[in-house]
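Accompanying notes for the structure given below.
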């Protein structure tokens, strides 16, 4: 179980003493992912998904707020003390090639964390070998053929599985998959998605899935939650299917409208939403962050910032003064 | 050349790359016709030879590759494969606009867009450079950009979506009527992608172009293309009108590909990955069907005989299993749905 | 649905597995000149290690044959002491190569440590160390050496190597740092940290092996640099010497034996000159080969 | 513009600190030099037949210039002098300010090295492009190897070979000094001709030794640029070959310009060997002389001047880059 | 480079064109240096553009012989107490002003600020002048301070550079001569005055005349870093007999450049320059070149630090002397510039023949003789183990020879000696020191066992032996009194015995040497014989070779080169060719 409240992260452009520029990557994000649960973060490029993922995985510090891992608050702890807690959360990188050391065989790659663990728990060398084979099997790889190889001898999908297997060596409670499939061939993507779901079901690992392709979020499990992030703020949050089927925030609606329609299989939604302009970091921070791009901007939007909340008649949390359902997503022809 | 959308007839095109293992074909015996005024989409996984094919349209396959056989007939230009030197150069840009796969980096980082536009004009002997700039501004404005500002910018001052639009502008500004877009939306996020695709569609219609869109994302093709061609291992395995192919894919690869796309709606259990891995230049089978190793309909004949594309109305499929089946009975692909 | 979990297995694994040494051999064979480089380099090492042992100490001198041109008896002629120049080149190589080796080791050890530390720690340490490195890189080396020559005794190879090494690590540090930074960006370092692996493991097992070829190349290059500057300093005659080495030979040949004037001393000049040229050539060829062997593009192919 | 001003301010501050550091280093090195130049002078006078007492007095007079006082006092004096551009008093050239001696020598270094650098730069980049384009051919290979070799071969080896060939064997060009005295200095053909004649070999040597670096750098730069997408994109847009070539050249040369600026910084101290071998009276020559004559002040001054040159060149290189590369100009770092 | 002969304003006779030479005393011309003879890099060329009162010769025995300079003639009092100079009647400066006795007096004043042999403010210095009197505009009289007289007083006076007072007067204050007088006294005031006088020295050294004003045959026209150009001074008193119209001094930093010039036949004259044999052969073969050899009053010896074992034992030193083949050493190290020393006598062979012709044959020649060496070593208690000599206590013995890095002939010699010794079973090594100053410092500090040492510096007898029995061996001459310091103190690094038994008689060589300072030729001879014997048997050094003065001349453009030993090499820093030219010896070749 991991929860975060009011997580803020601001990047200062390094090396520029005189002309420092600040990037407000996260502006007070709350989240909570239950044990064995699933959550997906979606949003445009640069809206802070990766940053949040890295903070959750303990790879990045945060400026404000609190993160609690299994009831232990992280903020008071020193970095060294945080480490064992964050080890329960493992990151799966986007690029499966760079995530593996090209000079080490898969065996070596798996051996290092396992032997560390064996030392901590006083287990034998045989256990290490056994466990290495086990995690590989867990991700659907044949240990016999894979162990001795170097990363460049594996396909993208296999590499990504190895990355996952490596994360499993420390028996994590949560996997953070940052665009874990976007660099994998189309035909293989589903395999990885299914694997993640499978691991959830079988091992009770919770999964945090970061993507800008909303559709993939569905494949993590129907009990998952969807967080729509915009410019460092969560603008809509709720069960995956609810949010996808009935988005209320215009930003979520824009995202969903943008998904290409498989003409011939699907028919487009009736009320697609197109933002007025494209994302521009330099847009004002006043009021609703989406206001400038929002086709439905109301009076309050310009100078008041809507907070994530539940309003009547809307099952999911959202941050919009004027939530309204619109039919934006394409539906299969067969449903007609 | 007329201001008409040209037709393109690719016939038996084969392109090989020189590798340590000898010359290997990245595109093999591809035959494809782009109807004048149509948008054709080519999909295929990484390494299936899409970019190579697209480059062949401009006779621009880069060493160590070369066009080893076949022809590319473009209305008003003739066989591009035979073009050389100045003729070829003039054809590029003026007759064929090409939007680069990595349009993100397709601009000279040291020069403003405007200067590069002028370079382009000079290269093609445009006398009225002012007119060219005007035209460019108009095009950019058409795509929702502030033309004057963009022309005054360097590459690094533009966002990915803007660069992509600049790429399209440069492809069209000389009035080319055949436009090739190689992965126009890869590395862009959803909203920008939707935007670009809309622009492609609109500009195509307004200007009366023949457009070829290359992508690995079926969604993109489905959005924009009239016709769809599916490539696998350097071969065209299936082609036909987009809606028909998507609605009733015949080739097992096409079917697998469509099934593998995560969708927003519908039964998620229906989706599944294709087994195996896409071939590379080295691992693609030299004879027989290129897809057979991942194919659920694999037959003995697939190991030795390369299936010929067989036409059925507007559609072509190159699969022994499908073709033999369709020869006896009519389509029987709905058994699962 | 577990049916989607299809194990991926690679086909023809054995063909993929490439033997590193076979790769080396292939690169070598592609351009035989590289093999020549390796052979020459090995020859120099053997010459420096074994050569002086095979020759009498002190070298026999023939006062009747002073500064002679090359002949059958003395392939490179004799020096102004009547000693065989070839023998001098051989005995002199020990100082030169030992110094070069020491320099290279110090350069690489110091440079790599600082670069690694700086790139790995980042933050304030990085800033301080890199400022320092920049500073060191800005001070022109040869003039500094000339000035140092007045205070420091370069007599033994150790002293010389120490100074050259301590002056030379800047470039390596910078390069290693940028490599470290770029490797850090790659996921596997971050993953290792996330897995709780120790810094020693990360540096020793993950970073260093990835950089090893690069470091090895730097080492070779710093060997050339070391040979260049030490021989140069002796050649300029600003250093005292305790034994004959190539730089001293060059100095004596030009400024004492008049090698640029009289053909008699030509051998005396050409001896060390050829040795330096050959050594440079060998290193250039080997570095060229290494470049290809270790080039990641070739490995990923 | 403000960016440039800001960068300049930062650089100047850092450069200033660095000059102080280098000055301090050179002060302490110079103050620790062992050896007794007075004894040497004395020996020389006695050897010449002067009576020992007289010789002792003469030496005392000559070294009366040497600063005294506590080390700290000397140090502060030295630093204070630095700000007045007073680098102390040379022992071998009493009465002539060190700075004058240095500037006098500097002109003999700057011109030939500048000529050599520019020459090698021009030839190097042209052949570098060629080597890059033909990199898989025999000739490209030969160019690269020759580049590496020339780059690796020590300057003095080249210089010796050049002297051997042109002066000793062929006897076509002088390798001794900077100009023939019989020509009245000034803008007359004889004098200028003599200057050029004497500079040819040093310039040639310098060019040869620098050329390798340029050809290698240019080659790798061009190879990188050739692989850049925008080049192919330009070709696919049907740009003229000449324009594409300009694109390649400009982008490939850009990093080399920085190197050029940096190498111009090394220019002051870069020709030690050449000046020694050709007896060209430049800064390097002066430095060697100062070192062998143990002329503390001169040595420290020469070293300082050479370092300052490098620092300035570093600053210029960076500013230059800022001006020329739009990416840096707008504050985006390119590494 | 090419050359355009600019005939200059040398209207007067002679008829020669450009004369090309080098200044062997000074490598490295300095273009920015002033035309000041006291400036170490000054562009003033003694013999050419700067004049001395007289040009002292290196006579074998008489230090006071000289050729006329600004002084046309002189008279030396029989007891050496005074010298009266008659100036050249029509000597003029290059700006047309006459050279006067006042010029001479001022020049002497300037010499005081710099310290010279005759004009020294050091109290008690031997051979110092007491009074300078301008007798008339053409005559100057200088008396010697007879408290500590020197037989070479006149030499010291004559060897004084004459400067134009109308250019230089500003450097000396008006009360200079009073101050000088005070300085020659005693007490604190004198000390202060001395400081002031010496303090003026800095000013003198730094003084930069706007342009060269010369009383010599030439005047400086211009200098660039590689060359200096002098043109004929038409006011020179002997201008009619000065052959060249221009003189070009070529710059050099190393000997190899001089060889180059010589081989190209470029130099009309060059002073002694060491050259390897085959270079020498090529020089000789070059068109018109001639090598003239003459006496050079210097020798080099291998000196021992007798504070170090086993060199304190005279038998060890003798044993080594028997092992070293000086012929071979000389042939390897300095084939042209030296002749192997016949034996160790402390005197140059040629001078020895003049000074001690009777004693010389009786000296032990130390011919190479391994048996005698062994005998001596045994006497010293050394032991031979496995063909290697070891110290008496059985520990290893290695003869460690030091030399400064730049001194190639010394290094060659040591390398050669090393191989000779090693062959004879004495382990040896050669250690170099960065440079001469450092070498001297460390030598003085007693850090070396064995080093090379210049000796036999003629022609004055005291100068000859003070190198062996002077300050370096513990004897200091303080205000005419000889004091001996213990080894390791006050610069006594040789550490030899204070008394030596010669022919059954104990002598104190330091005191004897000091006595030479005030002895005339006849009185000196027996003392020198004693000292030579002492040196020969005690061997504080092993005399290796006597230098030969080699001059290079070229007969293609000029002729008339002198072959007289004593004028081949003039006094300190003088360019002899300039003297020859002004004497009218050199003629243009027709």
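Just so it is clear, A, B, C, D and E label the chains in written order, and each chain counts residues from 1 on its own.
The rule is simple: a residue touches a chain if its C-beta (ideal position, glycine included) is under 8 Å from a C-beta of that chain, and two chains touch if they have at least 3 such contacts.
In this text the structure is predicted, and so the values were computed from the model without any measurement.
A.B. asks: Would you kindly count the fewest steps from subunit A to subunit E, each step being a jump to a chain that touches the current one?
C.D. replies: 2
A.B. asks: Once the contact rule is applied, which chains count as partners of both subunit D and subunit E?
C.D. replies: Of all the chains present, those in contact with both subunit D and subunit E are C.
A.B. asks: Which chain has its C-alpha centre farthest away from the C-alpha centre of subunit B?
C.D. replies: So the farthest one, by centre of C-alpha atoms, is E.
A.B. asks: If you tally contacting C-beta pairs, which pair wins, C-D or C-E?
C.D. replies: C-D
A.B. asks: State, to the nearest whole Å, the distance from the C-alpha centre of subunit B to the C-alpha centre of subunit D.
C.D. replies: Inter-chain centre distance comes to 55 Å.
A.B. asks: Return the distance between the CA-based centres of subunit A and subunit B, expressed in whole Å.
C.D. replies: Using C-alpha averages as centres, the distance is 31 Å.
A.B. asks: Just give me the whole-number Å value for how far the CA centre of subunit B lies from that of subunit C.
C.D. replies: The computed centroid separation for subunit B versus subunit C comes out at 51 Å.
A.B. asks: Just the number, please: Cα centre separation of subunit B and subunit E in whole Å.
C.D. replies: Distance between chain centres, rounded to whole Å: 93 Å.
A.B. asks: Going by the touch rule set out above, which residues of subunit B reach two or more other chains?
C.D. replies: Touching at least two other chains: 272-273, 277.
A.B. asks: Can you list every residue of subunit C that touches 2 or more other chains, as numbers and ranges?
C.D. replies: 1, 4, 6, 8, 149-150, 237-238, 254, 260-261
A.B. asks: Do you know which subunit A residues sit against two or more other chains?
C.D. replies: Residues 155, 157-158, 190-191, 194.
A.B. asks: Touching residues of subunit B toward subunit A in the complex: what are they?
C.D. replies: 45-46, 159-161, 188-195, 197, 216-220, 222-223, 242-247, 256-258, 260-266, 268, 271-274, 277-278
A.B. asks: Inside the complex, what are the residues of subunit A that reach subunit C?
C.D. replies: Its residues touching subunit C are 57-59, 83-84, 86-87, 90-91, 93, 95, 98-104, 108, 112-113, 116, 140-142, 145-146, 148-149, 152-155, 157-158, 161, 163, 166-167, 169-170, 190-191, 194-195, 198.
A.B. asks: Give the list of subunit E residues in touch with subunit C in this complex.
C.D. replies: Residues in contact with subunit C: 254-256, 259-260, 263, 275-279, 282, 328, 331-332, 404-406, 408, 412, 415-416, 418-419, 422, 430-435.
A.B. asks: Show which residues of subunit D lie in contact with subunit B when the two form their complex.
C.D. replies: Against subunit B, subunit D makes touches at 228-230, 232-241, 243, 247, 250-251, 254, 325-327, 330, 332.
A.B. asks: Which subunit C residues qualify as touching subunit E in the complex?
C.D. replies: 58-61, 63, 66-67, 80-82, 149-150, 153, 237-242, 252, 254-258, 260-262, 264-265
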